[in-house]
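Each chain gets a letter, A, B, C and D, in the order it is written, and its residues are counted from 1.
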Amino acid sequence: MTNIQIKGVIPPMITPFNENGDVDYQLFAENVEKWNKDNLAGYLVLGSNSETVYLNEEEKLELIKITVETAKKDRLILAGTGMESTKETIKLTNKAAKLGVHAALILTPFYYGGKMNDEALIQYFTDVADNVDIPVLIYNVPKFTHINVSANVVEKLSRHPNIIGMKDSTGDIPQLVKFQSVIPESFNLMVGTASAWYPALTLGVKAGILALANCAPNECAMVQEEFEKGNADKAKEIYARVFPVNQAVTATYGIAGLKYACSLLGYNGGYVRKPLLELKDEEKEKIKQILIKAELM
Amino acid sequence: MTNIQIKGVIPPMITPFNENGDVDYQLFAENVEKWNKDNLAGYLVLGSNSETVYLNEEEKLELIKITVETAKKDRLILAGTGMESTKETIKLTNKAAKLGVHAALILTPFYYGGKMNDEALIQYFTDVADNVDIPVLIYNVPKFTHINVSANVVEKLSRHPNIIGMKDSTGDIPQLVKFQSVIPESFNLMVGTASAWYPALTLGVKAGILALANCAPNECAMVQEEFEKGNADKAKEIYARVFPVNQAVTATYGIAGLKYACSLLGYNGGYVRKPLLELKDEEKEKIKQILIKAELM
Amino acid sequence: MTNIQIKGVIPPMITPFNENGDVDYQLFAENVEKWNKDNLAGYLVLGSNSETVYLNEEEKLELIKITVETAKKDRLILAGTGMESTKETIKLTNKAAKLGVHAALILTPFYYGGKMNDEALIQYFTDVADNVDIPVLIYNVPKFTHINVSANVVEKLSRHPNIIGMKDSTGDIPQLVKFQSVIPESFNLMVGTASAWYPALTLGVKAGILALANCAPNECAMVQEEFEKGNADKAKEIYARVFPVNQAVTATYGIAGLKYACSLLGYNGGYVRKPLLELKDEEKEKIKQILIKAELM
Amino acid sequence: MTNIQIKGVIPPMITPFNENGDVDYQLFAENVEKWNKDNLAGYLVLGSNSETVYLNEEEKLELIKITVETAKKDRLILAGTGMESTKETIKLTNKAAKLGVHAALILTPFYYGGKMNDEALIQYFTDVADNVDIPVLIYNVPKFTHINVSANVVEKLSRHPNIIGMKDSTGDIPQLVKFQSVIPESFNLMVGTASAWYPALTLGVKAGILALANCAPNECAMVQEEFEKGNADKAKEIYARVFPVNQAVTATYGIAGLKYACSLLGYNGGYVRKPLLELKDEEKEKIKQILIKAELM
């Protein structure tokens, strides 16, 4: 499984909660079933948009189980099993592996950010990759972790036989080019935000794990399809059209916004878990208008 | 217990690990016994310096249990039971309460930092304080969380009957003064870094939860004692003398540095847990020199 | 002149100083003559790479004069005439206009950055544009100013009849797309860093003011030429090849690095002005290696 | 003059402009005359609160001249003569010296902030101090420059015979303590913000260059007087009372706020120069309320 080559769009799946804050596994499973009919390459369970930091281990494993059971058979299943400690990351990743996950997306540890220098990150990912039963992908998301993985770290880790790729959620295209210049060709360098999706494709990136793909999977997929068919203008047009939606469901309104957009577009958004706050009515209205303007509803 | 008035020095206790990364409860208990003979007002178990983010629940509860059992009877026992989700924070805090902890130090949730605005933080701490069986203290540590609690939040929360204080680890003295101007007198505003200890005392602060108190508890206590006796110069002199040690065991060398200093000064430092890295030999030597210069060894 | 449509590559020209720190106008003029033979669309005198903040007014005007006199006749001449005050900016811009400059690149005022909100920036650029005799371009360079022009500001100002474009030096491609979504088609949105050059072209950007164009003008131009001919792969290859050079002569070694690269590649680099420091020998050697690897020498 | 020992409060004097944006020298001179009757140790002309970056050289020299002519004879006159280039800083400082300024407060150059490392700053201040006819003080104000002078730089420069002190406007008290640990006793370490005034006094600081001293000079002076008389509580009370005023006239409302407070309290505020914006009516009202609450009106 180590030479997985990832191509296409993967949603970092939202986790619907019910009103009292419990995970609504039923709604989650229904989402996966619906996404099975969309043009997606796989699923990421337990990403940042899954409110993973709010889930306990039991909930995490149950979500993984449902994903594995419900996903269309040819689809890649990734799970975000990074914990702060090396030990716990290895343990959780191996539990995920047993449940049938294909590869693990491992967040950079970040609480002691000042100490997570290149040496520490290289050691961490090496320790994890050496001790887990599935391939590892690096997850770089400074927006949440306030840590940015350096090209030096990417260069070193991309040589590890069990580290097969990276999700870079910075949207920093020049940095992406820098990463490209230091990795072997087989290394799966993916973007982690739809805001960088079209530019990344023009640079040769083949896959994106895109929050926007929760509510607009086919539009995300079409950007890639049209680009690869040689229809750059068409691809760019779709990208530019859904770009403001992506802004709304990430930077501006966050997960509550993404979930509301999902609800409006036929998926199960559900509630967010506290301490996240639900959207106010005027925020909901704004999202609606943005979706309409983007011709998504 | 709600009208706890905290006065004195409290160490955010380190967690010694053994070489293979397991918590060494024996070494931990020995530390508590040793600190029992020092001039301390209480203990914080599961603070940032405890590598709490690297501990699983079982380990956390065991450390709490040992602290409660081992601590000298008149000492205040605080536990850091903040989790990212409101739900998990309440659950863990109530487990800690059952084990005999006197009050909970609750970290600001921070992963979705962009959404942790005043409204969300006020809601979070209110929800927690409403649902836990022991008093709550706010823990503000932007160095790790990249979130800074505003004076507005402090003002609102300091009125909650079950929120009795705050540990502010910023070392930002003007901000401390701002906080003082909005809180009721009974609210326990504590500093969370020895670098601000003497200045905070001159402003009327009565307690400090100080990493440095792990390895130099009595020096920390003497700063306060001398100041309160009217010996400002003596207090200032001790403060200035140990100031560079505090820099070394926090900003410069972090927890590994703090643990090494503990080992040199007669406490059990133990290993750090991965992904934290042990000190290199030259770093150890520098810490030694700093301790010697500060007349601690 | 207001409907200038800018297309192609423009170097933000370096200012060679001699050893005692005086501007070496002769070396400067020689550079312009050499660039006249390169595939460039115009010149920016008094950009950030010109060490403009180190120049007094007399020097600035002399450099403008030489540029106007020396530049090939069909080339666009831009001058960076932004000062901190509205008044001084207007005065200097009109002096530049009298000397024959075609348009002014106006930096955001930034010293009182906390006060340079959208309202202040809109007012500032409007006041300037209303009172100067040549068209205005907005210059956004947070790396130096710690201010980032918002899409809201760009949207408003792009409607001003005398504000004809913008140099965005952030390299932030998603932000560029956001800007594109709010400007009229005639507005000249240019990138200000070669690190974003190819991706920007794929998004429809037509011009770049690129530090790298000081020392590698034709490679910068070829990226665009090949892209527009439909040779995306060729364009991307050149872009990727010179990308590390751009890193070296901007982020890593700064203006001293850029000047040294210019000297190695046949232009007159000259000395930097103090307080900038000259490169150390090992830094010079590294730049040389980077140029060789990029096949520029 | 090199062994100047500075003690007391110094206002970084505002520059009143008239409605069309010209310096109103008359209003400025009247302010100095009024301040002459206040309990001040001296004057800083051309500080950050003087809108210095908006002044041309002629205006600067005229303001210096008026200050020298108008100031009470025993008062220390400082001028902010730092420019971005070493050369221009030396030239302007020597012009100021000729006009009778006692010492120069030299801002860290900052436009190319990434290059202003310890080596560059040490070289810069050394070059300046070596070539000017009056003593030099370092001006550290990261709020505007985004550069923070390190303890290492302070240590080195404090040994230069012609560098006699520093204005640290960070309000960072632990950093102040760090600076104290590396400087000779004769070095004038001053705070540059009233928010740190009382804590700094408790640490042995002897002088403050305080924006607040423009509108509330005597309250600032009383904090020091009472503290030195042994009335710490009284000193602290005044400090705490005017603290919110300082917040308002610096962080919240900036120079426009400071000027409005000056106008309300009997000094000539005048207009700000563009691009700074005047206060809105509701902002003016808020400042008024804050002054009333602080018992300044």
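In this section, a contact is a pair of C-beta atoms (placed from the backbone, for glycine too) under 8 Å apart; a residue touches a chain by one contact, two chains touch by 3 or more.
A quick note: this is a predicted structure, and the numbers were derived from the prediction, not measured.
Participant: Which chain maximises the distance between its CA centroid and that of chain D?
Facilitator: Farthest chain from chain D, going by C-alpha centroids: A.
Participant: Averaged over CA atoms, how far is the centre of chain C from the centre of chain D? Could you give it in whole Å?
Facilitator: 35
Participant: Quick check: how many Å separate the C-alpha centres of chain A and chain D?
Facilitator: Measuring from centre to centre gives 50 Å for this pair.
Participant: Is the chain-to-chain touch network here best called a line, a ring, a star, complete, or other?
Facilitator: ring
Participant: Touching pairs of chains, all of them, please.
Facilitator: A-B, A-C, B-D, C-D
Participant: Provide the residue numbers of chain C that touch chain D in the complex, in ascending order.
Facilitator: 21, 48, 53-56, 84-88, 109, 111-116, 119-121, 123-124, 127, 143-144, 146, 251, 254-256, 273-277
Participant: Residue numbers of chain B touching chain D in their complex, please.
Facilitator: Where chain B meets chain D, its residues are 171-174, 177-178, 180-181, 193, 195-196, 198-199, 202-204, 232, 236, 239-240, 243-244, 247.
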